[in-house]
Every structure is written in structure tokens, then in C-alpha cells.
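Each chain gets a letter, A, B, C and D, in the order it is written, and its residues are counted from 1.
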């Protein structure tokens, strides 16, 4: 069984998913849509597919599934349009920056009995998957605490920051989802602090570049997240989960793993400096999971509710920074 | 110049310091005091010193310095007694569990122009010292965030817990001091969460065994601390400091560093399972620093104020757990 | 510019190269040949190419280049046939197990002004490439000693062993080539020892499963190689080069890099257990290098002479085992 | 039971052993002898013992044991003198540079029923001990191959080199002993190569600074040793043993284990740069083993025969370099 795909949005992340679709044995890339003709043409030529409009794709009988890679403010509308068009939907995170809009959108998907998978790519990183597998196998006993480190090599441009929803909804949201993914439980309270330390341009935009979060679950389990928009040594992405019997951690990844020893000491090269090389396997696995669900009838994972939950945690963090208090998370 | 020492308290930590004093080229252990004759005799025999009472030691003209290793509730009284007796004082942390009592005690020391060093042994660990040195040398630029992990192999007995002042004043206090030591700045706000996850006997005592803390400084710098009274794989003691140019971290320590590879994977032995072997070099360096200060006239470091500051941070954490709010730290 | 390929031989290594060709932007897989119709059909279907006979391919005007993946005893004949047919040739190592046959074959290639690249895939591993780059950049000064470790997860079947030319010509040959690749100089003398330790079936075949080699160059530089046909923990492939200023080493590779710590210690998963996953990037880079040479006119690298040199070192090792003496390498 | 010691020779290694004796609970340092009064006085003052002549020590009834730390050419004579004086003897390696002289000396010890332990300190390094323990416990199955790396930070002075017996008898001898210690079997054949690469002053002295050795045992087990008199990054001391079930390796040791990550990559500090800090625990364990043997009546380990065996391997390596052939080791 082969799934026929269209990509909506031919920017950077659209190219990533086009490559993943093209490389999947059970998928064929049939069409791409983008208001910028050059961007759409580049994908069309590279992978031998058509350029169509979004509405054409919604009406195409040769398309089974769409990958939504547009700007965030179009996500919810497109999800609703394609749920109604009876296409399987893979949507990049977030569904929307507004919780109410996300809820409405998910109701439409449910009413249409739609298939929606949300793009939390890190769940498909082989190393993080192995961490979760070790937990599920009981290798560390009952989980007690997760410690998640996420540091970007550098801050995005101001234009991006302005529309991002802020560090908690844009960057920490991956870590909020990772916390739920690893611990298998939704936090009950969130406390957060944030600072502007790496880029003075960020403060005037009302955003932050450095953040720390502690969260507690009803069971007493705890999660710690630390974030920065700066990491000179590369893309710093670690998780560490402690349980009653021990600890499991995923190490950072580097493109080449050599070591050079001189009178100055032992030196290993920097980490990956870009999320697309760091998570190249994760993106391929993610599309493979989407395709598998469609071919074998298994449910989407992560779901729209996962997307909503991560956003609820982000909103709680924003409120905690504002009030200085522990914030109880709304139920998703 | 040789410093003549007496040890007050011949228990476990008294033995550690007796060994460090005996091994120091510029120190001589002259006397030991303990209400338990067997304990005092053991040290006296091992190192060839006298057994005396505390009052005898205070009145001994052949004693230059004392190391206070008694139960915590005697610390402040002994500091005052020996400040008045014009002996140099090394006191195990904490000075007292009550901030007001600590302040009063430090006033007495100041009034007597006394010499008081407080026993935060981790400042003298070669690896943590090297972390601070790297920061001071500017290798990571301006520090922005410290992440401190401290997990004990197992919980102490209930009797100890009851008199400990709770996890924040007993265990996290080392990490609070480490935060100030590494970042060179006192946090302004503290937020903490705590749980009972590892030992059900701890809850009924009003204490916790698992804690996470986030702190923010006036400069916007951040500190994260995670603690547990359980770590199956040994004594987990890590620090990691991020700055504008990079990161410096101290690795965990194990008694033997071999690796065994089989069909199950690559295995390295557990970490040290006891603070006395983990910090054996730190204890020797700590006494060496005390002796150096006395012989070359440099000030005590860490001071009584360092002890007070760590306690203020612990009190703020306790209050944050109680109120669920961010707590502003009192000025020490 | 696009290079049109045919694959000769649709077995395991043929599939590896078919995948690499299909994934290369400047290459198109046009045809595959194999006496087993099922094997050829599988590749043809997977990548959308034709099944043709070897002679058809030699006569096809739409084929620019061939990848020879047949059994070893056909290599030299096919190289000669396709050199005469004016196709660019990529041939899996070895060209032949007999030095004289290799020399004759290379003469034919030269006479036809042919393009021949030999498949020493490890030269294209990103980690080994980074080691060589560090050496070329002078990071370790003048190279003095290379230490090469190569251990297979398990021995191949007896049928393979019988036609392999023995451990030195089949397995160590990669390490002989790596020695020349890294040190930039051909060894002058070879001494080797070999044993049957892992698989008693190997001895009766006149072969060995465990070997150590030391080699010395005219400059006094030294190389050490250790080999085994058994490594329970996976595919052990390390190089380490020492120079006047320091050392550079490539670490082993594992599919997932997590660490699990329990009361038993710290455990990391085994290494890759198969050369095709271990060297997946190397195979892609290797074909990319072949394609690049053809499109930009740069010379083949490694060349037929590299293939011959590695075989000369292997023959010297065989003779050293037989005589117990240091063997001077013939000039290639 | 307390063992009363004298140290013969108050140079660098004498000071190391004086410190180890003084720090041992069951040992007392009573006397030191050295033709240089200043050297002897320094030890006498530091540890509160007498300065005596060698003959006085041989005749002292208050001395149970001697530690021979003199120049090598006095070792055998002193062993014989103190065996006849009925003192327990710890002698630094080597007993002598001449096999016949060693054999004669061991006969005298045997005739006097003397107690002689030879100072192969590396056997007492905690990490190498743990490697051997893992082998003895069967964790790697039947051992098949040992790979020993030994690189000094820098070459000793020419004066030392001249009297050292050459690199194989002075430096590799530790690795020869380690091979027997780890594999539990004496090699049968030795092949070696050597070069002058690091220090042009060494060649005119008839010695080498770089060496590689391969050895084979009757059982087919193999050992590889690589040596250099230069290692910019510190004292490089590794062993790795492969067996039927896996591999065990001892990692290098550094004084501080921190890691600094910047845009240049991840940097760890150099290794120990001096054998006395690298092996400080080994020297203490070594004297403790000597004392234990004397107090509990267990045999000396390593013995004089171990010293002889290592010398026989060194002589075989020298001959292999001379002849270019595999050399069969004489039976010790």
C-alpha cells in the first residue's frame, strides 16, 4: 500500500519533509503548494512532483495525505480544511498559539473523524526513543524525575521571534512534550523563570532567551527544563530520567566523533549546529510513523491532544513568569 | 610554622578531619574530645594525640585551632566559646539551623576578631575547583546559568532526618553554596518543589527526599538544582555552568575507571558510593586551605557569611514549597 | 551533469551500492545485471531500472559507469572488459587475490586510458576522513605511529572463508589500506602473527581468525594492526594516529547513544553489528566521490595501485606468518 | 603486627616509597641510607627516622624489611646482602639488566629462603587490578588478545638513557610484565620494531624512542605493545584485553576531569604528566601488599621470577630488532 502525499509550504521545514516522504518506500510525493513559485518548483523538480494550489490539493483524488509546513497562523485553518476534505493530516507544531483556537480545531477534526498527527519530531529521534524504551522496559524502575536540556546554537531573527509566541511556546514546547512523552503523565503545576542574557534585541520584543522550568505531577514526579537561545558548541539536546532503580540519559550528537589530544588536552569536535542535521533521522522516522499508521490503521501519535497539552504547559510557564507563582495547569 | 589542632567530636566526620590534619605537613593533631571515650581513644591511638575535655582544650595553650565536628546543635555555642578562647575555628556546616542564631554567633566571632572557616568541603574538590578556575579565567565568558545535580546513594536513617532541618537545610545547602561559589553572585529569588518518592518513612517526619529548585539573580543569571536521596549507581555529583562563550562541567567520579564490553553493551562500574571516598581529596584540600590561611594570614574562605547565605537560600526554598510562590531571599 | 550507472552483481554489496547510486543527486541507476533473476529484479523494481546482461551493459550507449559487485574471481576480467568498453569503473576490493593478475589488469586499464576506482569504503567514513583531515592540517604534527583495530562481530561462513584468500587478504586488507591512507607512506617491512582462537572450523580451512601485524616505513614510522573475527559487543573499528604534537583517534559508532546507570554500573548499548549500518554514510560518500571525479574530471581515488599496494602488504603478512621473519614488501 | 622498614636510596623513587611506608598503618619507617647526606636527611626529618649506612641497616635488629631504591647496578648485590641478613626485601625493578646475574641472585635468595618482592608498581594500579579481576571473574570469557599502550610524556635525560639498558629493558619491561600479569601466560615468541622519531639524541646512544611489539603464546593468544618516549597530552597508559565473551579496558587517568565546550569543541584537560602522580595509589597499594604478605605469611607477588621473565621478554625484543626475525623466548 502506497500513500500519496502533498506538501503544503515549501520552505525549510517543507523541504525536510519532502525529502523524508521521497525516501520512504511506502510513500510517493505527488504535489507541493507554496505561494512562492520558486520554492514550490525547487521541490517539484527535485522529487518529480506537481505544483498545485492548496485548494487544488484539497480537491485532488490522487492525494491521500498532506504535510502542513506553512506559517503557524495558517495551521488551524488548513487542518480544518483538510479534515473536511478527508485527507490524513500531518501538521508541524504548533497547531496554533491560542489554546481556544486549538480546541476548536480539534473539535472539527473529531467531528470529521479525521486523522491528525502533530509534528513533535524529537519523539522520533532514535536516542530519545531508546530512552523511552528503556523506561517502558522497566530498566530504571518507576520514573521519578526528568531533566531536559535544550539549547539552540543561536537565536532566530527578530522577525521570527515576533511571531513565535515567545520562548515557552516556540522552543520550550518541544521540551514540554518530551516531558509528557518520557514520564507518561501530565504535570499538574508549573513554575518558570526567564531572562534576557544572550541577545539584547530579544527583550524589547517582550521575549526571553534563557529559561528554567520546574514542574510537578500529581504523583509527585518532577521535571526540570533548562533552555537557552545560545550554545557556542552546537545544538545541545539532552534528556535524563531518574527512576527507582537508576537513570537513563541520551547523549548529545556530533557529526564526527573523533578526539584530538595535544598539550592543550583532549578535544572533540562541536555538536551538530543545525536542527536539520541533528534530527535528520528523527524526521525520516516521523514520516515513517505517519505512513505506518495510515497503512496499518494504528492511531496517530502524537495526537492533536498532545499538541494541546504542550501548549497548556507553555501557557502555564508564561503565567508563572508573570506572577512569580506556581501555576496549576488547565486540563487539556 | 606548624598549627596545633584539636578535634571536637570523634564521630565519622571527626575521623575524616583527624586524618586530614595528620596528613598535613604544617599541622599537628594534639588533642581530641568526645563524650564517648572509645571514639576519642580510637583517634588518640591512631594519631598519637591526647584525649581532653572540650573545656580543657579551650584552656590549652598548646592548641592553635579547633575543628568542630560535634552534632549541629552544639556548633554555635562552641564557635562562641572558642572565639572567646582565641582559637582559630573550623566548623562543619551548618553553623546552626536557625538564621537568627547564626547571625548572633557571627556577631560574637566578629566582636572577638575571631577566625572562622565553615566546612563546605565541595568547594575544595579538585574538579569543582577546576570548574571555578575555568570560569575565572573567562573560558566560558560571562556565566549565565548553573545546573547542579546532587543525588545521594541512599537516605540517612530516620533519627538523622529528624534533626537535619530537612532536605533543603541538610542536603541542598551544599548546592546552594556551590551556586554562589560558581556564579559569584547571591540569588535573589528561589522557587522549589519537593516530593516523597524514594522512602515512605520520610513523609511522616515532615521531610522530603526529592527536590528541584530554580533561582534567579539580580543580573538575570539562573541556577537549577536537582536532588534525590536515592541513586542506585552511586554518589551523583555534577555541576555544569553555561556562559556567553561556552560551557564547563565537572564529571562524576568513580573508584575505578574500566570499561567492559560484552553482548549486553559497554559497562563502566558505579560511582563512589560514599561521600568520604568521593571527597577524600576535598577534605584534605579543605584542611590545607585552613592551615594556609593561618600560616600566611589570608582570610578564611568560605566564611561564616557563606554559611549564613546558604542557610538563607535553604529557608527561602522551604518557604517556596509551603506557599507555592517565588520567595525573595533575605539579605545575609 | 548526470552519470548513468549499471550495477554488476545484485547481491548484498550490490544492493548497498544501488541504494547509494539512487540516492545521489547526480547519478541515475539505469541497469542491473545478475545471473540470479530474482536478485536483479528486486533491485530493478526498487529503483526503477532495467535488468540487462553484462554484455548488454558493456554495449549500452546509455551507460556511463559500472559498479562491479560480483564474486572476486570475476573482478579482473570485468575491469578489463569495461575498460575496453570505455565505461568508468568502480570495483569492489580486491581487484584479484593474485598480485600478478592485478598488475596485468591495471596495465590493461592504463592502456585503455580507463577510469578505475577501487572500493575501499572506509576511506569515506566521516570519522576516518576527519582523522586524516586533522593529520593533513598538522594538528598532530608529523605522524609517527598508527594503531588500527578491526574486529568483526562474527566469522563469515566456511564457504566464504575458503574463497576469501585468508584473513590478511580479506579482512586485514582494509586496515593495510587504512594505514597507507592515514600515514601517506607505504610500509617497507611487515611482521605478522596469526592464530585460530574464535572458531575451530577456520583452522582446517588453512585460515586464521585472530591476527596482529607490525609494519615499519622507510622513515621509521610504525603501524600496528590487530584483528579478530569475533567481537561480542559489535563492529569494533578504531584508528589512532600519534604524531610529534599529539594524537587523533576515531571512536567506535553505535546506533543509539544512550547510557543507563543502575546498581550494576553505567551501561551503553553495543556498537553497530553489521558493516552495512556501520558504514552506510561511507558507502554514500564513496559513490559521491566516484560521481564527482567523473563530473569534474578529478582522478580516481583510491586507484588500482592502492588496491595493489594493500594486496602486497597482505601477501607480505602471509609470508611473515609462514617464515616467522620480517618480510620486505615488494614495490607496487 | 608492625613491620619496621629501612629505605635504601633516598632519591626520587626512595621518597615515593618512604611516603607509602609512612602512610601504612602496619609499617614504621625506622631508617634511611644514602651516600648523599642531604637526601637521606630530608627523608629522616620528614618522617622522623634515623640515617644509617647500608651495612648498619643490614646489622640492625630493629629492621624487618628493606626497600631497595638505589641505582640499578647495586640491586643484585643488595638483594644478596639483605637476603643473607634475613631481611624481607622489596626491590625496585629491574633486579639487574643481565639475565645471568638475575638468575644467580635469585639462587642466593632461594638458598637463604629469602622473601623478595619486585617493584612492578603497575600491577597495583586500581584500574589495572580491576581489569585483571574482571578477567579472573570470567567477565570476558577466555582471554585471547591484550593490547597495551604505554607512552611517556617525554624522554629521560641522555645520562639516564645510557645506563637504562635501552627502551625494551627500561620502559617496555613494565608492559612485558603487564602482559604476563593480565594474560596469565608467558609469551613464547617475540617480534619487535623500533625507531628514533622523537629525540635525535637517542639514536647516537644506540637506543630507540618508539617501539612496537607483537608476542604469541603457546595457546595462540596474542599481545601487542606500543611505546613512545613522547606524548604531548600526558602519561598515556592503557590496557585492553579481548576474550571469547568480550573486552575489558582501563581508561587513562587525569588529575581533573572537567570538560569545557566552546565554539572549538569539547575539551578535557591533559592526562597526568608524571608517573608519581599517575601511580600514587599504585605505590601505596604496592607497599601495602608487601606489608600484608609479611604479616599474614602469604608469598611475595610479583616475585623475582616475574622480574626475570620480563627481562627475558625484553632481551627477546632486542634480539628481534637486531635480526628482524621472530625470537623464541628462553625459559625463565
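Here, a residue touches a chain if its C-beta (ideal position, glycine included) is under 8 Å from a C-beta of that chain, and two chains touch if they have at least 3 such contacts.
Because the structure is predicted, anything quoted here is derived from the model rather than measured.
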Statement: Every chain in contact with both subunit B and subunit C is listed here as A, D
- prompt: For subunit B, which other chain has the most distant CA centre?
  reply: C
Pair exhibiting more inter-chain C-beta contacts, A-C or C-D: C-D
- prompt: Using CA atom averages as chain centres, what separation in Å is found between subunit A and subunit D?
  reply: 57
Task: For subunit C and subunit D, let me know how many angstrom lie between their CA-based centres, rounded off.
output: 41
Touching two or more other chains - residue numbers and ranges from subunit D: 232-233, 245-247, 261-263, 269
Message: Per the contact definition, I'd like the list of subunit D residues that touch subunit C in the complex.
response: 144-145, 147, 149, 151, 189, 191-193, 195-198, 210-216, 220-222, 224, 226, 228, 230-233, 236, 242, 244-247, 324-326
Query: Which subunit C residues qualify as touching subunit B in the complex?
result: 232-233, 261-270
Complex contact set, residues of subunit C against subunit A: 23, 126-127, 129-131, 134, 139-140, 245-251, 253, 255-263, 269
